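Think of it as A, B, C, D and E in the order they're written, each chain with its own count starting at 1.
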Amino acid sequence: MTYEFDFAWLAGYWPVFARGVAMTIRLILVGGVLGIALGIFCAWGRALGPRWLRPLVALYVELIRNTPFLIQLFFIFFGLPAAGFRLNEVEAASLAMVINLGAYSAEIIRAGIEATPRGQFEAGASLALSPLQTFRHVVLIPALQKIWPALASQVVIVMLGSAVVSQIAVEDLTFAANFAQSRTFRAFEAYFLSTAIYLALAILLRFLLLRLGDLLFPHKRGAR
Amino acid sequence: MSLIAIEGLRKSYGEHEVLKGIDLEVAKGEVVAVIGKSGSGKSTLLRCVNGLEAINGGSITVDGARLAGDEAHLRALRLKVGMIFQQFNLFPHKTAGQNVMLAQQVVKKTGKAAAEAMARRMLDRVGLGEKFGAYPDQLSGGQQQRVAIARALAMEPMALLCDEITSALDPELVGEVLQVVRGLAAEGMTLMMVTHEMAFARDVCSRVVFMHQGRVHEAGPPGEVFANPRTPELQSFLGRVA
Amino acid sequence: ADALEDIKSAGIIRVAVPQDFPPFGSVGTDMKPQGYDVDMARLIATRLNVDLALVPVTSANRIPFLQTGKVDLVISSMGKNPERDAVIDFSDAYAPFYNGVFGPEDLAIADASDLSGRTVGVTRGSIEDLELTKIAPADATLKRYEDNNGTISAFLSGQVEAIATGNVVAAAIIAQDPPKKPAMKFLIKNSPCYVGLNENEPALQAAVNEIIAAAKADGALEEIAQQWLGMGLPEGL
Amino acid sequence: MTQFTLLDILRNLVFATQWTVILSLVSFIGGGLLGLGLLVLRIGGGRIFAPVVRVYVELFQGTPLLMQLFLAFFGLGLFGIDVPPWLAAAVALILWTAAFLTEIWRGCVEAVPKGQWEASASLGMSYVEQMRHVVLPQALKIAIPPTVGFSVQVVKGTALTSIIGFTELSKAGTVLSNATFQPFTVYGLVALIYFALCFPLSQAARHLERKMNVAHRH
Amino acid sequence: MSLIAIEGLRKSYGEHEVLKGIDLEVAKGEVVAVIGKSGSGKSTLLRCVNGLEAINGGSITVDGARLAGDEAHLRALRLKVGMIFQQFNLFPHKTAGQNVMLAQQVVKKTGKAAAEAMARRMLDRVGLGEKFGAYPDQLSGGQQQRVAIARALAMEPMALLCDEITSALDPELVGEVLQVVRGLAAEGMTLMMVTHEMAFARDVCSRVVFMHQGRVHEAGPPGEVFANPRTPELQSFLGRVA
């Protein structure tokens, strides 16, 4: 085969790619921040929350973790309007990512909470902190610290998984590649380019998250 | 009137009855050493007094208020009685100073400046004034335990419960912690402490309580208890430890 | 090597057909491809006197299949534009494609300029996508879905106000009797479909064009159109 | 238009599920074996191999599986190597699975306390003997729950093989919903089947994890 | 001739020099106690002798063979010198018996029957004959440490290095382990042990080595060293521990 790579056509499409990258970043920002927040809440609910909350959280986590992201996305985008709740494609994609990351991070964070020595809970209690105060001030930060690398990986996985949001017409990075190739029929160039950008984004995202971890957990630096 | 009054206290884990009816009074300013073999229920006793374990029978009264299981009562109790653990249990993500400040700010809603002033005072008191900004893992075991003491003191409790607070320390570091406790006792703090340091118990405590199989087996002033143990169990226990 | 010769000597022609674009390509209850494009592939194979291997493709991978030599022809209701023509070659037109903008009865749209400020769904990379992109006013929003199904679902769930699609597709939706029926607002263009093949294969291109011309002349193509589109071939295809 | 009954849809989905299962098994077994090899290179491969494995892991964990499949199938085709789709799918999925499993397992090996290395060293064992008799058996035990947990991701990951022409469960779903215009029925069933495949796996992972924690506290 | 000869041993971690030139000879049958403050380099010294740490200067000679860094030499060394750790480090996935058998089978290629016979003999020797099939987590700390001793003994080493082998034990369990060590000393095993048990060192050891800031600060027979510490550092150290 004598296929000749040609990136010249890109000149006309780089704005599409730039917008796509911006959208992918925007999605992972929203999904990451809210998803982890949801994950913290669910982890608390499942590990320490009131009895009635635990099975509900478990149901949510299992439903999400055991079905494909794409299907979840379809139900939110095409299905919710039938229930009178219409979200545009970007909102739907963001919500799907929040829900997805929420379920995964709930499990990860819960592991961190459960690895917290009992003595920490007891020390909090014996200082007259309420259970919620103990969770908030004593348990949460060290628990997050323990699982931070795993959480960072999960965020990267969700970012890469977000490629399928182009199926509901969200104009993300994969959309850009598909759009360009549907016009120019230069699929290899388009996919090579988007793969390279995804790799760069993944490396950058992980790096930033780990740096964020250093900021959130300053005591780690003092560790011997 | 006694500060801590324990009557007919019973505690079981499942089938296993660990405390089989404990009666014990601790007056204000008293320093009580609780000794006994491993598994005799010493820790459980202290944990019950701090409300960390739900009790199965009897009553515990602290400063006239009877211990109940609900959240509000428990918190009120814990404001009166501080506890220090064998494993220090400092909060690893907070500096020594922040460890001491946290509960003041969160529980007592003390302002930051006041909490910090108190923290500095308490750290000074345990000889760690200059370690305010150090994280626990930058401190030696003895230093960590002293921060734990400062943390409990900052809540201005009426009594302190200490559960083998020197057992996890290297021998060289035991002295510095006991020195701090000695100071507290001298200042009139009410103390109830589980300890294996017999010499210390003899020197500092006003009363020694020997527990055996979930009961108070013998009790009395250290001079008497150590010099003339009446029961064979205490005799054998002292023989082994000394 | 010459692709036509290779096909003849192998005795088999491999054709990429759509699986997600009824009535040009979808599946029957046995999951076998069927549709206008499939019959077209069958016609070409028969007339070249070789066996037929159908390769189901999507709009994302149909051209890579061709370029890497995994198929000989792409018959997947492709439209032509200069950028595409620079990368692959096209045959003569083999099928008509009436596409238009469809919307609910009460939506007032008469031509492209009425799309101003409206949201229109379309299947990414399809003929109607290419055409509508050219004629839609700047402030119309085009939502480009992965496949027909996405476009239709978006319409039915109210995520878009109107869709651009083939009239046969619209007819198929109406046949399902949904609560929201798409009515034709205006015709975009009768833009025919072309068979795609690799560059520099003049012999294969000529052979395909010959077959298409013959099929137009002898009524074979008319028959396919009647079966799948429910209408005859237009004048001048 | 061909008319599909619910039974037609279900039958075709279940039929496509066998591809999902086969692909999952192939990727998991192949990825497991390759991952084990990479693991050895990663922790014992010194200055040359360990970084190579690290780059490998970074590459495969840092790019969408969809693109990996695309490039495995068509990329090689560009060089005139004709890879059949099943081979490309298997290769890409195995490489991808191995990248993740290597990392998971490395974490498990590192979770074995340093004292175990030292104790076995002080008994005169060589590196390989330490690995074989002391470290790996312990790491293996820790590794089972996360490994089973990851298998859920593999099952879901096989969905992406549709890019190279596989009609597995989710592709069958797309095709059927395009043929029937009943996306909710079809995707509802697809979700159900995925759930039926994945839920037992994640339950097993959770169960094993709990069992292990109990054994630990013992 | 001495069994273990250490000359000018230096060891640094990065910038930090932990051992600053150690000279020490241990004769066959000698029982040497290494004492000193935390951080003085006691563990590091033992770890160097066992080849667990690469050294930065000086030499270590065991039974006439000089320690080198390659795998083969290291293994040969470790067959001559066994090591027992503070944290026991038993293999949790193997029974007591299998723990003792493993290295014999893997390293010495002893047959299963012979290895098992040896394991039973060694477990008997540490008083755990009946625990052959028990897993480590079914044993008390003292029992675990005795299994660790049996495991080291089964390799028939010429000397044993013990690093604070009773520090992780509850006070009641210390005795049973020291009893076993006492027995080994009586049978003529060469021992080099870091310990905080001063009474034990006094009773059992033939020589005491006091380390301070990475150097051997004082050394001599226990009678002398404990009765007449010459340096102020040793005096203060003994004062604190005793």
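We adopt the following convention: a contact is a pair of C-beta atoms (placed from the backbone, for glycine too) under 8 Å apart; a residue touches a chain by one contact, two chains touch by 3 or more.
Keep in mind that what you see is a predicted model, and the values were worked out from it rather than measured.
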- Shortest contact path, subunit C to subunit D, counted in steps: 1
- Average the CA atoms of each chain to get its centre, and name the chain whose centre is farthest from that of subunit B. C
- Item | Angle of the C-alpha superposing rotation, subunit B to subunit E, to the nearest 5 degrees | 175
- Message: Taking the mean of the CA coordinates per chain, how far is subunit B from subunit E in Å?
- Response: 36
- Item | subunit B-subunit D separation of Cα centroids, rounded to whole Å | 52
- Task: List the centre-to-centre spacing of subunit C and subunit E in whole Å, with centres computed as mean CA coordinates.
- Result: 81
- Task: Two or more other chains in contact with one residue: find those residues in subunit A.
- Result: 1, 3, 74, 78-79, 187-188
- Could you say which residues in subunit D touch two or more other chains, in rising order? 70, 74, 77-78, 80, 183
- Touching pairs here come out as A-B, A-C, A-D, B-E, C-D, D-E
- Task: Flag every residue of subunit B that touches subunit A in the complex, lowest number first.
- Result: 50-52, 71, 74-76, 78-79, 82-83, 85, 87, 89-95, 102-103, 106-107, 134-138, 148, 151-152, 155
- Flag every residue of subunit C that touches subunit D in the complex, lowest number first. 19-23, 26-29, 31, 34, 55-58, 60-61, 64-65, 67-70, 147-149, 152-153, 172-173, 175-176
- Task: Name, in rising order, each residue of subunit B that touches subunit E in their complex.
- Result: 37-38, 140, 170-173, 175, 196, 240-241
- Message: So in the complex, the part of subunit D that touches subunit E is made up of which residues?
- Response: 113, 115-116, 118-127, 129, 133-134, 137-138, 141, 218
- Message: Under the stated contact criterion, what part of subunit A meets subunit C in this complex?
- Response: 1, 3, 9, 74, 77-79, 81-82, 86, 88-89, 166-169, 175, 178-179, 181-188
